[in-house]
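In the two complexes that follow, chain A is the common piece, with chain B as its partner first and chain C second.
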Partner chain A sequence: MPKLIIDDREIEVEAGTNLIEAARRLGIEIPHYCYHPALSIAGQCRLCMVDIEKTPRPTIACNTLAADGMVVRTDTERVRETRRSIMEFHLINHPLDCPVCDQAGECWLQIYYMKHGLYDPRMVDEKVHKPKAVPLGPHVILDAERCILCSRCVRFCDEITDTGELGIFNRGDHSELALFPGRDLTNNYSGNVVDICPVGALTDRDFRFQVRVWYLDTARSVCPGCARGCNIDVHVNRRRPHHAEGRRVARLKPRFNPDVNAWWMCDVGRYDQHGVVDSPGRLPVPLGRAGAAQVEVGWEEAVAAVADALRAHGPEAVAVLASPHMANEDLMALRVVLERAGVRQVAFRVPPAAPADGDDFLLRADRTPNVRGAELIGLDGDAAAILAAARAGRLRALWVFDHDLTTAGWPAAEVAEALGRVETLIYAGAVASATSARARWVLPTATWVEREGTLTNFEGRVQRFRTALEPLGRSLPAWELLGRVLAALGGTPPGPRAEHWFRALASAVPAFAGMTYRTVGDGGQMVAGAVPGGAPVPPGRRAVVGAAG
Partner chain B sequence: MSAAVAFSPEQLAEVRRLQALYPDRRGALLPVLHMAQDTFGWISLDVEAYVAGLFDLSPAHVHEVVTFYTLYFRQPKGRHVVAVCHNLSCHLAGAPDILRHVRERLGIDVGETSDDGRVTLQSVECLCACEAAPMMQVDDRYELHLTPETVDRILEELR
Partner chain C sequence: MKLAQRLYLPEVVSGLVLTAGHFFRNMGAHVARALGRRDARGAVTIQYPEERRPYSPRLRSLHRLVRREDGSPRCVACMMCETVCPARCIYIVAAEHPNPDIEKVPARFDIDLGKCVFCGFCVEACPEDAIRMDTGILEFSSYSRGGMIYTKEMLLALEPATGDGRPTSPVPIPPDRRMPAP
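Moving on, here comes the complex of A and B:
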């Protein structure tokens, strides 16, 4: 393992580590644009120059591997002057439109100009003009004037998605990032090029002009869009609610986890998941009935009624359709409630109307985040049998979580018959649906960004998601409303936080034995006996290198 | 891709021979693009996609190369290409007058092709014949020490 000295400090790194990564480990940041640890080395931006002893000129750190005995300096006057000059080059044709640029506030041109530039501009000529506000596909928009031609996005489409939509065309100061004529950036990972773009050239159409990034708050979370559970950050706009017409979730960004999703997330997760949080169909308050109409009721009334319904009819006449969208804590709380009430008919596998497909990278065919958790917690009964029991008139109370049975993969006539014959239909979920509209009691639940909890992904990795927003209206996390039902049944919830339910889970279910929120941490923890498979190899890395060189 | 864009078996053998000459077969991209231009007349997007397939590259990367260089034609070109040098030595020796004369004679501007498909006109950087300025290149040969009279004769002979 090579041992080298960077800025007078010695460090030993694995062979094959470049100087940017070696310095990073010492807490020294070598500025760079084109280098990205997931992509091949381009050496294009020239910003990562460092001085290496016995080398006549500054050298790019990205393409220099740490070698034994190397003495590197990242802070000489010559390095500083080089960075200043390179910043001046990068900004020669830059339109300086920060006031209308979404990237402002998280732009590496701004950051590095303030850190390494601060020169007096000498540019007196007309700047080169290039296409602006060009949609590249459904999610990404290009401003070619802001582009510094680092080629990260081009390499992403070659080396990660293997789709090759983008290129840098023409020459000299006419060089321009663009799509191959006739193509669109429609691959399911297109949003990632916005993340890796160090400047404002590629911005997100969904986030565009919503809110300034410095007004955003961030919470670590997990994408609920499929069974992989990509690690994400949820960015929410609480401080400027008037800027985005009440939309609170501004955007989702992938969070690095080498064992799950690496640096990436798919567009299905990024753009299709947060809509529910700010959906106009959200259920803000508990509902009961006055005649045919659904009317607002207090939680106490609703909880007491649900507890009565569970206990009044006897185990044969009560069933629960839980949901794989529920967190481990919710499912544990449900299990305890059902044990307390003596209810044994519980299932969670309601078939979707049309089975989804996975893709060749992160997205799984199972578009729910917690099937594994629901299985381990022991709620995996026969959903079709519950439907049949309801149709046969054997159920007097049915409690449905999240599912809209009327759009599920069951024949509509059978669902209608079943819902018609159940005396007390209880619905718990975040969004109104044809199922909730038929319910006697509607219990509004908080969405995943409005609460904390854990999910168990398809591999058996338990992962935490955290609270980014307050629950809408009077909605409650499912574990909390289940705790209230438990109390109404004479039981005692383990405590006032989700974590208490997780502890109850860890002591009741052997697969979770010994786990705490602390041990799960930010990287997740495998349930007992599960073997981690690691993040999948990107499609662009699977081909045999060498054929194309 | 249109069915017309395909090399003959002999040409495909030549592509493989060229690719084998380089440690990275992409090194053969330029000569193969020239072959394609000679065969198909110009480099259309279909040709780029076809060549990309021969190299297992994305069409975007072939497009990068084609747009980088000036010797690949991205529109149909005339049967002959006239390239008048406009660089320093030729300029001092009267290239602007020569170019104006050529434009008037052909009735087209730089970058255009005559209506009969006979000639495409270009204005180019130094072609390394400063000692014989002003000069132009007509297809594969140099025409040196140009005057309006010699230009007329040269253009007459192009069919």
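Moving on, here comes the complex of A and C:
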């Protein structure tokens, strides 16, 4: 293992580590644009220059591997002058339209100019003009003038997705980023090129002009879009409610987790998940049926009525359809409530109308985030049997979580018959649907960004998501709603926070034994007996990895 | 104190004579002015609101949005003023401009003058010189809070004041203060 000295501090790194990563481990930031740890080395931007002892000129740190006895300096006058000159070079044809650029505030040109540039521009000639506001695909828009030709996006499409839509065309200062003729940036990971673009050249069409980034707050979370559970940051706009058409969740960004998703997330998760939070169909208040109409009721009334319905009819006449969209805490609370009420008919596998497909990288065919958790917590009953019981008139109360049974993969006539024969239909969920419209009681629940909890992904990794927003209206997290029902049934909820339910889960279910929010942390923790598979190898890397292995 | 003063009444009478003398002299001057004698000046120095004191060119008065040649706002909806505003009284919603050379345009640009503290930071922050506080208009008022919200169209219609601070555009009157049609 080579041992080297960077800025008078010694560090030992694995062979094959480059100087940027070695310095990063010491907390020293070497500025760079084109280098990305997931991509090949391009050496395009020339910004990561460092001085190496016994080397006549400054050297790029990204393409220099740490060697034994190397003495590196990142703060000499020569290095600073080099960075300043290279920044000046990058900004020769840059339009400097920061005020109208969506990237402003998180742009590495801005950050490094303020840190390392700070020169007076000497450029007197007209800047080269290139295409602006060119849509590259459904999610990404290009401003070629702002591009500094670092080629990260080109390498992403070549090496990660293996789709190769992008290229750099023409020569010299006329070089520009563009699509290959006849291609569109339509792969399922196109949103990631916006994340890796260090400047404002590639921006998000969904986020375009919505909110300035400095108004956003962020919370660490997990994508609920499929069973993978990619780690994400949720960016929410709470300070300027008139922006982004009132959307509270402005965007989702992937968060690095080497064991799940590495740096990436798919477009299905990125663009389809936050819609539910600000959907016009959200249920803000508990509803009860008065005649044909549903009217607003108080939580006390609704909870007491639900508890009565669970208790009154006897175990054979009550069934619950839980949902794999519920967090582990919710499912645990449901299990305790059902044990208390003596209800034994519970299931969560309601077939989707059209089975989804996974892809060859992160996206899984199972588009629900917590099937594994629901299985481990022991709620895996026979949903078809519950439907049959309801059709046969054996059920007097049915409690449905999240599912819209009328659009599920069951024959519509059978569902209609079943819902018609159930005396007390209870619906708990965030969004109104045809099922909630038929319910006797409607209990609004908070969406995943409005509460905290944990999800168990398909490999058995338990991962935390945190609160980014207040629940809409008077909606409650499902675990809190179930805790109130439990109290109405005479039980005692373990505590006032989701964490208390997680502790109850850890002591009741062997697979979760010993887990706490602290041990789960930001990277997640495997349930007992599960084997971590690591992040999948990107399609564009498979040939390389296969040849090497 | 002299005897005449201690008698009290003569002093009252002389005071009344002085006051009445000023009153009638000024009344004569005002009547003469009203009848067309421009050189006659009464004791009141400025006939506000017909006459106005000159304002300093540095005065911060009602905001206006500067127009391009085609009449569209010069504003590019960069949100700098909205960000710097300490009263948070500016509300901008950005939209796409049909001209690809202009990135953004405000679909909505409202200033809530009920909140504005007239600090002028918005003018200083603007990179496009698109907002100015030089209309000379100080007399805006409304019967409701909603009436104090001035929209993009109202702000775009305003013109700069003359050199001595005289407004050249009419005071924008909110709907709740307009007289009903007879």
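Rule of thumb we're sticking to: the second predicted complex is superposed on the first by the 543 of 549 C-alpha atoms of A that agree within 3 Å, B and C clash if a C-alpha of one lies under 4 Å from a C-alpha of the other, contacts with A are read in each partner's own complex, and residues count from 1 in each chain.
Methods note: a residue touches a chain if its C-beta (ideal position, glycine included) is under 8 Å from a C-beta of that chain, and two chains touch if they have at least 3 such contacts.
These numbers were taken from a predicted model, which means no experiment stands behind them.
Using the contact criterion defined above for the overlaid structures, shared-chain residue A:Asp158 touches chain B, although it does not reach chain C.
When the two complexes are overlaid, the chain among chain B and chain C that reaches more residues of chain A is B.
In the superposition on chain A, A:Ala528 contacts neither chain B nor chain C. With both structures placed on the common chain, the touch criterion links A:His243 to chain C but leaves chain B unconnected. When both complexes are overlaid on chain A, the residue A:Ala133 reaches chain C alone and has no touch with chain B.
Of the two partner chains, neither chain B nor chain C is touched by A:Ala412. Using the contact criterion defined above for the overlaid structures, shared-chain residue A:Phe180 touches chain B, although it does not reach chain C.
In the superposition on chain A, contact is made by A:Asn170 with chain B only, not with chain C. Comparing which residues of chain A touch chain B with which touch chain C, the overlap is empty.
Put simply, chain A touches chain C in their complex at residues 97, 99-101, 132-133, 208-209, 212, 214-215, 240, 242-243.
Interface of chain B with chain A (complex): residues 23-26, 45, 55-61, 63-64, 67-68.
By the touch rule above, chain C contacts chain A in their complex via residues 76-80, 82-83, 91, 93-96, 100-101, 103-104, 108, 127-128.
Against chain B, in their complex, chain A makes its touches with residues 154, 157-158, 163-171, 179-183, 547-549.
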